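Below is the structure I would like to discuss, written out as structure tokens.
Naming follows writing order (A, B, C, D and E), and every chain is counted from residue 1.
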Amino acid sequence: MKILTEMPDVTALMPEIVMTCLALVLLMLDLFIRRKEITALLAIVIAAVVGFFLTGSSGTAFSGMFISDGYSSFFKLIFLVSLVLSVLISIRYIKIESVNFGEYYSLMLFSTLGMMLMASAGDIIVLYLGLELMALSLYVLAGFLRHDTKSNEASLKYFLLGAFASAFLLYGTSMIYGLTGTTNLKAIAHYLAANGVAHNPAVMLSVILFVVAFGFKIAAAPFHMWAPDVYEGAPTSVTAFMSVGPKAAGFAVFGRVFLTAFGGLQVDWAGILIPLAILTMAVGNILAISQTNIKRMLAYSSIAHAGYALIGLIAGGGNGVASMMNYLFIYAFMNIGAFGVVIMLRTEGFKGEEITDYEGLAKSHPLAAALMLVFMFSLTGIPPTAGFVGKFYLFMAAVAEGYTWLALVAVIFSAISAYFYLRIVMYMYMKEPKAEVALSTSAPHGIALAVATCAVLLIGVLPSGIIELARAAVAGF
Amino acid sequence: MNGLAYPILSTLIFLPVLGAAVILFIGRNQERLTKWAALAVSIAVFVLSIPLFTDFNRMTPLMQFTESHAWIPSWNITYFLGVDGISVLFILLSTLITVLCVLISWNSIKTKVKEFYIAVLVMEGAMIGVFSALDFFLFYLFWEAMLIPMYLLIGVWGGPNRVYAAIKFFLYTLVGSVLMLVGIIVLYSYAGHTFNILELMTKTYPYRMQFWLFWAFFAAFAVKVPMFPVHTWLPDAHTEAPTAGSVILAAVLIKMGAYGFLRFSLPLFPDASKAMAVPMLTLSVIAIIYGAVVCLAQTDLKRLIAYSSVSHMGFVTLGIFALNIQGLEGGILQMINHGVVTGALFLSVGIIYDRTHSRQISDYGGLATVFPLYAAFFMVFTLASIGLPGLNGFVGEFLIILGGFTASKWAGVLAATGIIIGAAYMLWLYQRVFFLETNQKLVGLQAMELREVITLLPMIILVFWIGIYPDTFLSFMHPSVQNLLERLNTGGQEVTLAGKIAEIIK
Amino acid sequence: MDNYLLIPFLPLAAFFVNILFGKTLIRDKSHWVSLFAVVCSWVIAVMTLFEVIGGRTVNRDLYTWIVSGDFRVSVGFLIDQLTAVMLIVVTTVSSLVHIYSIGYMHGDKGYYRFFAYLSLFTFSMLMLVMANNFLQLYFGWEAVGLCSYFLIGFWYEKKSASDAGKKAFIVNRFGDFGFGLGVIMIFLTFGTLHYAPVFGSVNGIVGKTVDFLGLQVDLPTLIALLLFCGAVGKSAQLPLHVWLPDAMEGPTPVSALIHAATMVTAGVFLVARCNPIFVLSPPAMNVVALVGAVTALFAGTIALVQNDIKRIVAYSTVSQLGYMFLACGVGAFSAGIFHLYTHAFFKALLFLGAGSVMHAMAGELDIQKMGGLKKHMPLTYWTFLLASLSISGVPGFAGFFSKDEILWRAYASGPLGHLLYAIGALTALLTAFYSFRIIFVAFHGKFRGTHEQEHHLHESPKIMTVPLLILAAGALAAGWVGIPPLLGGGEHFAEFLAPVVGHAKGEGTHAEEWATMITAVILGLGGIAAAAFVYLRKSTLADTVAGRFSFIYRLLWNKYYVDELYDTIIVRPTFWVAKNVIVGVTDGKIIEGIVNGVPRFIGTLSSWLRNIQTGMVHQYAAVMALGAFVVIAIVLFW
Amino acid sequence: MVPLHWYLLLSSAVFVVGVAGFLTRRNIIIMFMSIELMLNAVNISLVSFSRYLSDMRGQVLVFFVIAVAAAEAAIGLAIIIALFRNKATAHVDEANEMKG
Amino acid sequence: MMAEGIFIYLAAAIVILSVLVITRSNPVHSMITMLVLFFHIAALYVTLNAEFLAAIQVIVYAGAILVLFLFVVLLLNLKEEMVARRYIGPWPLGVLAALGLLVVIVLSLKSFIPGPSGVFTTEVVRAETNTKVLGQILFTEYLYPFEVVSMILLVAIIGAIVLAKKRLRN
């Protein structure tokens, strides 16, 4: 047993290391910063710096435990984007909610760090730790409105069910460890292929336990029940962050584990995922129709979008994964944009969460209404917007792999989804305003919305940039 | 090849959108400026579209004024535009109709004037896009993009029950077109990863796949036409839409369904189209008679004209699925005629609706004495609608019945009964509105403005022009329809019902 | 010679001038414009007649109208003997009606509109007559239908008038339905719609059969019958005659022009023009003959009991048209056209006479309320008398020659002909009876109207009586051009039309010809005598007969309840279907049911599923555990 | 030598008891302890694997699991206190303000 | 023979104690039962020659986490807790689900095939002592996860303060 003498090669780890150090520095600085906007600004600068390091890093470290390839950097890009946008829309918001503590931003950074670790985890242990790091910071963020019982309830539910799910994950890990003697994904894949023990019930058990844990994380159908309550209870900016970042991380891990470790069992776990995906789309779309609270509606819509992204995973292959990643990237902008508009309605003394609060918004605030219209149509998947491109790529991948009927089912569900998205547009444009609605806008918030709208429209019209990026990312997989 | 120096089709698509963007920045209170700007843009687009009419080469079936730029290389999608005999007339119709819509809603739109004209102009861009797109992705993009402005047009400026009508319109069309989306993707993956329609047309597809894809495309186009079972959105959308909305809906939107059959279903799935001709003919005949008979029971003016559109479009689909040259050319010409006539009828209804704010026929009567010029205009359009020879309706209808008769005698005969019922409900409508004693409500009616006369004038000219000398319009279509028929007869290999070919649809 | 183009386009120009500038500029001078146009057309028509007599016929295309694949049709003109005759008839009667209308329509608020429609009608009729292909014929066909719709519904404030106009147009459309299909069948069999090639290669289709709606039908018969459908619709023959009596709602000059002389005869013209096709199929010929005969009798019986002067004359028109179709049916197309030619004069005269009576009686139409007008309106009386003599077939008058020709040709055309002859002769009796019933009831005896009506009685102004006189001359002299050889005449009319319609076949001895002529004359005079006896001697006899045979009387009075029959069979069920079946069930319940039902179902499903989300953490955890259990169980045991 | 299976059965038994506890008990803290039970069950199986596969990875993982369990405990109890401060209840089924 | 005896005792004790933990109405009783349970688990670890972990189990789990639980339990008013309903309404469903899970797991574990054996046989571990071997692996092969755990603990501290501290100044 040689003792490690020289420093391990950490070039691949630079983004994570930089993120950790700067997050800690931010934590310290926060003590001295009076105006919290500066903390937010610093958080964004940190994100930018990490983004800068992201491009350079590729390769593996710590004997395969840390893999930094195209796949992980694309996902890290999504995490950073969602971090920046969430921070921008939460500056004004947490001041209104009077929880304007610096820790909010550092927790955001830690959760992003957790996601980045998950994305580039080559070993199940590191994956679990990354997941826990992200989850813990999210439990706290969900309960950030200490005075609001809804927020407490949200964090409690998220915590209990999160712990429950990670217990299943651990049980699965122990099972795999028992069967293959290793927790390294590539080694597992190699072992399963070599010893032909792939279809052993115990392996299938661990596969299913992983499906449960990751299903919980991306809020797929039977494991989705926490999402509506947590999304509704948590502060809206956290909900925005939560509905994009962790979901993408969940998919990153789902992809990583199932395509490398259980690559051989593709047929089996695809068979498991198909009913799951259909159930997720069904639950997400159908239950969203009768919602009255807009955050809850968007929660169900994000469940539905998880269902659509699952199709990419089921299709598998280069195109399938690329379409999933592309969809999640576009989904990040659409969703945070939509939540951004929801946040604008939140002013002193006016919650602005009920759908009926949006009546006549087009008359009182035409710009806000127009933005919401763009996001709603993008979420439905109507062509000139990015939502359509995302779905189109997904269905193309599915049809290429012969899942035409699945694409058909998904297409029908996205038609059903048109109903509740359009209901919002209908409330805004076709109803007379009841009370005079004031909007709380601020410069960063404006920037975030502008970025989101431009992204949604630009990708909608010129999607080749993102598609190429996603394709190149998968090539490295 | 592109005879002109500048990319005419792209300008036609993006000029209105640009105009809409300009209007966006006009102040909310300067309504007059907004209106004039919108009118200027729409006229400019119309003027720009005239070269399409004059410089069109009537000898070749190939696509003209083509433009092709790489758009999304990773999916092999090109921004590919072009027109041929079939689609050029529709573009001209769209540009003309938009000008008239801007004119007609001059002072009938009171609220959110800016957004209204933006929606109309964006609508125009999308419409032209649909007719000139030759890349499936681009086609689908315009096809769906058109839904949004129309949804807002009906929903925001519509009548009392507008919200229900708007949502119904949107969902009806969306459900149909998403099935087409899957169809497009299956085509894309089977035909070697290309969206280029012209390339797709050269390939042959197994019958079983043609069958399923035909029905997928049918879902989208039948809703738009609207064919018999899926037509119930039209009366609601028409009655609730503002005048401009129902004119665009009647004149152009409905044509996209039939255009879709012509451009996609027939050439791409020749065997399936031939096999499905009989059910299609039955549906069309049902639509003709059903639409006509139901008009007899209507009390709302716009709803009656809407149902008459169902009947007229039944003729068009009959023409298309007669699968012979007279039927096809009659169908295309009838689409233009229907656009002109029904568009004009809705313009006229708009004119009196601005004055009386009522659509119930019982509120009218004896309008001829109060409003003679208007009565004359309406009479010409009524006669054109019932297919009086010498006016435009007859030429199209006669060719269709001729084509239908050759295709199947039953279809021809039953379709011909449509003209009887058509005459019945239109003349009965005309009598209840214009003849009999003058209704007290109508006494103080203000005469027709010059603006309104100008709006209806082009329609009158077109009605007589197509009626007396249809050759100018028919000559556009000959080569393209000929080409389409050749593809139909030779394109798909013979029908192998055994389905032994690798079946793509799992 | 090529100024024949002016004939139709002058009235068209007059129409546009009147309709565009009528209201503002011309106002009450508008009759000059259309009168000038129609008189010029008449002059050119006469010149064309002489040129055609000289042997020159014209068949020229103006421009190609519709081209689609191998379907090619153009707007073209064919001037031959038949056209020449029709030109003369149309332009003459039209001019006289124009003159008459100046007086009759004086002071009417839509004065310019009336003359504009008259010009448009003249244009359409001329286009119909001069067409050289079936599609332009169809164009003229529908255009005249349109003008009759305008003119019948001229006083559109009156519900009965606009209803009558609408009814006329729709019933014509029933006819045009068959006619259109006939035109299509012609194209499908001959590949073109132009007369010359069609009639040239007509022998090729003899004996051919075609599958029409499942049953094998003989081709020429099918085409002939379909074309005949149009004729029945336009010339108000039996099944589709209901619109003509109601058409009397229109101004009387209109009835004179359209519903006596020109439009209604278009059907006969069509049959005559397509005689090569009709001749090929004996069954079709028999159908035409039978329909003609039966309609003649049917209309004749109804006319007996009507009291409205214009309705009587209208039914008499239907009856006389029946005669013309009878003639064509037995192959004597020239006889049919000859009767058309003579009928135009005396029927127009009868209508205009009725018009001047109405004018005098301030719009009163019921002959029972008239009486003794002879004294007050001598000119109208004598011209009316002359027309009645002519229609009753009193020898020497125009009606006698044409009707006798028809009856003789019918008799001579074979066994069925004898039956047709019998019906024809009986109808001649009825014609004479009801014609002279009007004379005796309206003009003789004492006045039964109201006092100030009597006071108001006066002869019509000169502008109205001059046309009456001219027509009277025509009613007298028109027949002389076609005096049969039996009576020493040269039968010039039949000879003139021979190249187009050929000679009537069927031969019979002179004796039979004399027998038929004499019996017809006896019946005619008998009818007059009977009318005189019934209405001059014993005015009460009519009521007693009506009383005893009340069932038949009521049947005839209600026009055999045909209108009510159509209403119950066609009109009311369609409306019922429209209201209840479509709006009610299929659209309302089934389609809307599905269209609204599905989203509502999803809505209820959604709100039902919502309360599965109870907000209890245990429940969520339980669902997760259950989910895991189910997946594992399935994977393990499958 | 005790066969590996028995250990696995033991760990799955404890795991299931933990799940049962989580699903049935109303008191949050007991639910929390049930989660700890489940984690301990996992630890048992990991250690037993490490012993029978004679490989130390299992024990390292147990080490990390315990550390994470500690962190979770801290956060969990903080959440419970925060909730308790607002709603003075320790029962989960009273915290269901959000449903549907 | 001796080892089986000890295992059986420990296994039985662990299962019974864990059932007791989840069924006591008084949280403090279940806390104490849990404590005893942890001792038995530690004993089990010793039989599996993982002495270091046994120590950790006792110190960290029993010492730190349970104590933490105790503080929070003391917050509640025990009297009201004693009398309140212990189980949720449909608790049999929960038990049924758990049992279902058990059956399924056991069935799938029947065909369990252990993986390849590594290099640290029991003799080596006994020779090098468990703590040393663990330390070696931890700080060579598993250095990276070790650092991540430190981050997790940091987040735990921040979270606990943010959520639970009485007055957060701002």
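By definition in this document, contacts are C-beta pairs under 8 Å (C-beta built on N, C-alpha and C of every residue); 3 or more make two chains touch, one makes a residue touch a chain.
Since the structure is predicted, the reported quantities are computational estimates derived from the model, not experimental observations.
Shared contact partners of chain C and chain E, listed by label: A, D. Chains that touch both chain A and chain B are the following: C. Averaging the CA coordinates per chain and comparing them to the mean over all protein CA atoms picks out B as nearest. Ranked by the number of C-beta pairs in contact, the top chain pair here is D-E. Averaging Cα atoms per chain gives one point for each, and the point farthest from that of chain C is the centre of E.
Averaging Cα atoms per chain gives one point for each, and the point farthest from that of chain B is the centre of E. With each centre defined as the average position of its C-alpha atoms, the distance from chain B to chain C rounds to 38 Å. Centroids of chain B and chain D (each the mean of its C-alpha atoms) stand 65 Å apart. Chain A and chain E have Cα centroids lying 31 Å from one another.
Computed from the mean C-alpha positions, the centre of chain B lies at a distance of 71 Å from the centre of chain E.
Within chain C, residues 599, 610, 613, 615-618, 621-622, 625-626, 628, 632, 636 each touch two or more of the remaining chains.
Shared contact sites, meaning residues of chain E that touch two or more other chains, fall at 88, 93-94, 97-98, 101, 104-105, 107-109, 112, 114-118, 141-142, 145, 149, 152, 155-156, 159, 161-163. Those residues of chain B in touch with two or more other chains are numbered 171.
Going by the touch rule set out above, the chain pairs that meet are A-B, A-C, A-D, A-E, B-C, C-D, C-E, D-E.
Of all residues in chain B, only 168, 171-172, 229-233, 290, 293-297, 324-326, 329-330, 366, 368-369, 372, 376, 383, 388-390, 394-395, 398-399, 401-402, 405-406, 409-410, 412-413, 416-417, 419-421, 423-424, 427-428, 431, 434-437, 468-471, 474-475, 478 touch chain C in the complex they form. Every residue of chain D that touches chain E in the complex is listed here, in rising order: 1-2, 4-10, 12-27, 29-30, 32-34, 36-37, 40, 43-44, 47-57, 59-60, 62-64, 66-75, 77-82, 84, 90-93. Against chain C, the residues of chain E that register as touching in their complex are 88, 93-94, 97-98, 100-101, 104-105, 107-108. Interface of chain C with chain D (complex): residues 610-611, 613-618, 621-622, 625.
Within the complex formed with chain E, the chain A residues making contact are 1-4, 8, 20, 27, 36, 61-63, 65-66, 100-101, 103, 106-107, 110, 113, 117, 123, 125-126, 129-130, 132-133, 136-137, 139-140, 143-144, 146, 155, 177-182, 191, 197, 200-202, 204-205.
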